[in-house]
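For clarity, chains are labelled A, B and C in written order, and residue numbers in each chain start from 1.
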Amino acid sequence: MKRQGPVLLAFIIGMLMLIQFFTPNPLFLRIYNLFLDWKQVVLGCTLILGTWSLIRHHTRKIERKQENWQYSYVTLIGLAAMVLAALIWKTEGGPYTWMFQNMQVPMQSTMFSLLAFFVASASYRAFRARTFAATLLLIAGAVVMLGRVPVGALIGGSIGGHEVTVSTVADWILNVPNLAAKRGIMMGVGLGMTATAIKIILGIETTYLGKSD
Amino acid sequence: MKAVTPRGESRSPSLAALVVALLFSVVLSAHPSGAAAPEGRVADTPDDWGTSLTLTWTYAGPPEEIEAFEIRRHAGQAQAPAAPAAADSIDMSFDTWGWALVDSAAPGDTVFVDSDLDGGTAYSYAVVACLGAVKSPSVPTPPARPERQYLRSATVNVLVAVGVFMALVLVLVERARRGADLFIRRIAGLEAVEEAVGRATEMGRPILYVPGLDPMDEVATVAAIDILGQVAKKAGEYETKLVCPNRDPIVMAVAQQVVREAYASVGKPHLYQDENVYYVTFSQFGYAAAVAGYMVRERPATNFFIGKFYAESLVLAETGNATGAIQIAGTDSDAQLPFFISACDYTLIGEELYAGAVYLSRRPLLLGALKAQDYAKILILAAMVVGIALAVASPGTFEAYRKLLQ
Amino acid sequence: MAFYDRMMKIDRRIIYLCMTLAVALPLIAPIGMPVQVSDETRGFYDHIEDLEAGDIVLFSFDYEGDVMAELNPMSIAALRHLFRQDVRVVALTTYAGGTGIAQGILERVAAEYDKHYGTDYVFLGYNPDWSGTILRLGESFKATYPADQFGKSTREIPLMQEVETYDDIALLISIAGSALSEYWAIWAGGRYGVTVVSGNTAIQAILIYPYYNAGQIPGFLGGLKGAAEYEKMVGKPGLGIKGMDAQSVAHLLMLSFIVVGNIGYFLSRRHEARLKRE
């Protein structure tokens, strides 16, 4: 029953959700809205679960003096400081907003900006004309890189009455070969999603119960 | 005079109707108007539960003379003013004969959906063009009854597709259950899992498993957790530490349970520690920073990036590459695939990810469902080929080709 | 190490240093690259331009601090365009970290155009479940957001009196650093029929093309380039146009490294072939 109960529940709720998509019956719409409301409530509650896990992970690290345990203090102090600031001074103005604007946002932006460096090093390493396919990738990559910045529009000229620049070629690459490949992947992903949903409804897939085999 | 509210229509005309009818002719003669009358039609609103009707109308006169349209409704058939007249007298006539004023519409409008109706009743409608001091009513529409539909017509194609797909899944799952040999091609990234776990064991370093950034309702996350179970079994067999930081608390709870059961299934339940499968933060780059920091400090020998990823993918993969770890990635996020391919040793592309757990576990039930996906894809391709053939063969296309050649 | 080997194995730190200079120098000394407007950006612009005064737009800030350098210029330019046309805005964010950013931008741009909270714009704030939020808004805005960001009941806010479902929304704008724009298009657009346009980071923009070509997202701003093009169309140059020089130089630098790496690769192959012949 421990396993059958949730599987049965998933089947009933899954079928209700499936039926509501096809029927205009207002009863199913009400059920659908009810589940959407509850989904938000449950998701809010899981944040407590996550926070508890984070605290436990780091307190244990400190207790056991595991390698780099000092950093765990930074995490816990940061967590406590943001929560307390929000509780004491609220989220409009005050220390919370200051910490958000001047600490969290710059730190997040820093992480994102690392991408510029990593893209440079990864593309330098990966774009080698080792094979014919790799050469095609290299050429396409170079054209798109140039075409996505203003300088791309300045390189090119008129061919047969048509304006052909690196930017127009880049747009063609993005809109035709790139799009064809993406549509293929998207179709597979869509089928995968539908298959997984059906497997969950039919009780074939039970990973969400924490058991993959 | 009886007050009429939008929902308070009366079904029986009062005696005053006679008086009004007499007055009506007098009023009409006093206000001769050449105003055109709207022409209204009412029909059942499609795809609803039998609670609304759709009224459409046309107006032949110049649109600029219209101030607004008024919508009048009566349950069943009833008498109504039939010619343009002074606004007051038209209102009085309608009210007297029990026509409810439902709503008004802007001069450019031609459609009105009247909802929250009684499913068992037939309703007649009149559209009244307001022309300043004069109102011009339409001839009342024949009564129409809201009809109940059990299926949204726009979803019929989806229903057929889901039905066919569900049938395919059931048939192939049954075939797999009976022991049919269903072929899956070799997937290099999954063949390398054993080697990757073995390498971590030899080096005495942990394995890092990142199950993507999306919640449990994402199919890539379901696949990631499935593969986690298989990787955890191998890690358990080799007694190698497996670390799994999470961005979603529900995914974390499921991952903990999967790893616990995987260790138990290979007879090593004591190896499981909750703190190795933990929550980090919901912030995308906060999470990336924490995982990258872990890679730099602890230098795991093997990194798995399996699931749904976004812009942080390269931060993770490139940091792992710099630390010299063997890296296996798998995602259906097509924008991130180039980054993983350039920075990882093996990459599972799109559906290879979904096939991952089936490939590693060879569970017949899941194998059947995987095969169903292949057959569905063949059906879609066939439909596309037919569609393209029809489009090419259509007269419009020939015309386009002709123009192009000219 | 042979010279061609060095060309193939340039130290990461050298690449990073060059990249820092390539981004920083054009910001300090701008070059002034010309900006040409793409069809995607024109689609985004035209959909806002076609709105009438008094229309209501749903504006979703689907990002947080990490991508604000790339997306803030879009949000600011789009809000300026909307307020300039006297379009009313119902804003929300699908990220907890997006509340501060959204609030700051809304207040700043609203002040520029003398727009008032509650009548000209509303900020509904953050709801933890983005998928549930997108779907639930199709049934009821007020049930999804009983209160705005500041705790005021949405039933008491004048602008919200006119918004019940997506039917009351003339256009939905999603400025996203993740796949949220796609989800808005699939669920809000596909299921509830609202028109969705988006602004996306350069990485995510690649994913928008299938939706753009299928007409599901009839216009979008792709990365800083899209922001620059849009700023040009709106006639208010901002951070997008400023960043174009830096991005151009950074891309040229990346290409230079790739060319150097490949020259080294060909030289090494030639050397290997010569050794074999000998």
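For the reader, a short list of remarks on this structure follows.
Assume a contact is a pair of C-beta atoms (placed from the backbone, for glycine too) under 8 Å apart; a residue touches a chain by one contact, two chains touch by 3 or more.
Since the model is a prediction, treat every value here as computed from it, not as a measurement.
Taken as a graph of touching chains, this assembly is fully connected, with contact between every pair of chains.
Looking at which two chains touch through the most C-beta pairs, you get A-B. Centre-to-centre spacing of subunit A and subunit B amounts to 18 Å, using the average Cα coordinate of each chain.
Between the Cα centres of subunit A and subunit C there is a gap of 15 Å.
Centre-to-centre separation between subunit B and subunit C, using Cα means, comes to 23 Å.
In subunit C, the residues that touch at least two other chains are 12, 64, 66-67, 97, 131, 206-207.
Under the contact definition stated at the top, the residues of subunit B that touch 2 or more other chains are 282-283, 285, 311, 334. Counting partners per residue, subunit A has 47, 104, 107-108, 111-112, 119, 121, 123, 125, 182, 186 as the residues that reach two or more other chains. Contacts from subunit B toward subunit A in the complex involve residues 47-49, 149-152, 155, 158-159, 162, 165-166, 169-170, 173, 216, 219, 222-223, 225-226, 228-230, 233, 246, 248-250, 252-254, 256-258, 260-262, 265, 274-275, 278-283, 285-286, 288-289, 293, 297-298, 311-312, 314-315, 317-319, 321, 332, 334, 339, 341-343, 349-351, 354, 357, 361, 363, 365-366, 369-370, 372-373, 376-377, 380. Across the complex, subunit A meets subunit C through its residues 29, 32-33, 36-37, 39-40, 43-44, 47, 91-92, 97, 100-101, 104-109, 111-113, 116-117, 119-121, 123-125, 127-130, 138, 141-142, 145-146, 148-151, 153-154, 167, 171, 174-175, 178-179, 182-183, 186.
By the touch criterion given at the top, residues 217, 282-285, 310-311, 322, 333-336 of subunit B touch subunit C in their complex.
Interface of subunit C with subunit B (complex): residues 12, 64, 66-67, 96-97, 131, 177-179, 201, 203-204, 206-207. On the side of subunit A, the complex with subunit B involves touching residues 18, 21-26, 46-47, 49-51, 53-54, 56-57, 60-61, 67-68, 71, 104, 107-108, 111-112, 114-115, 118-119, 121-123, 125-126, 181-182, 185-189, 191-199, 202, 204-205, 207-213.
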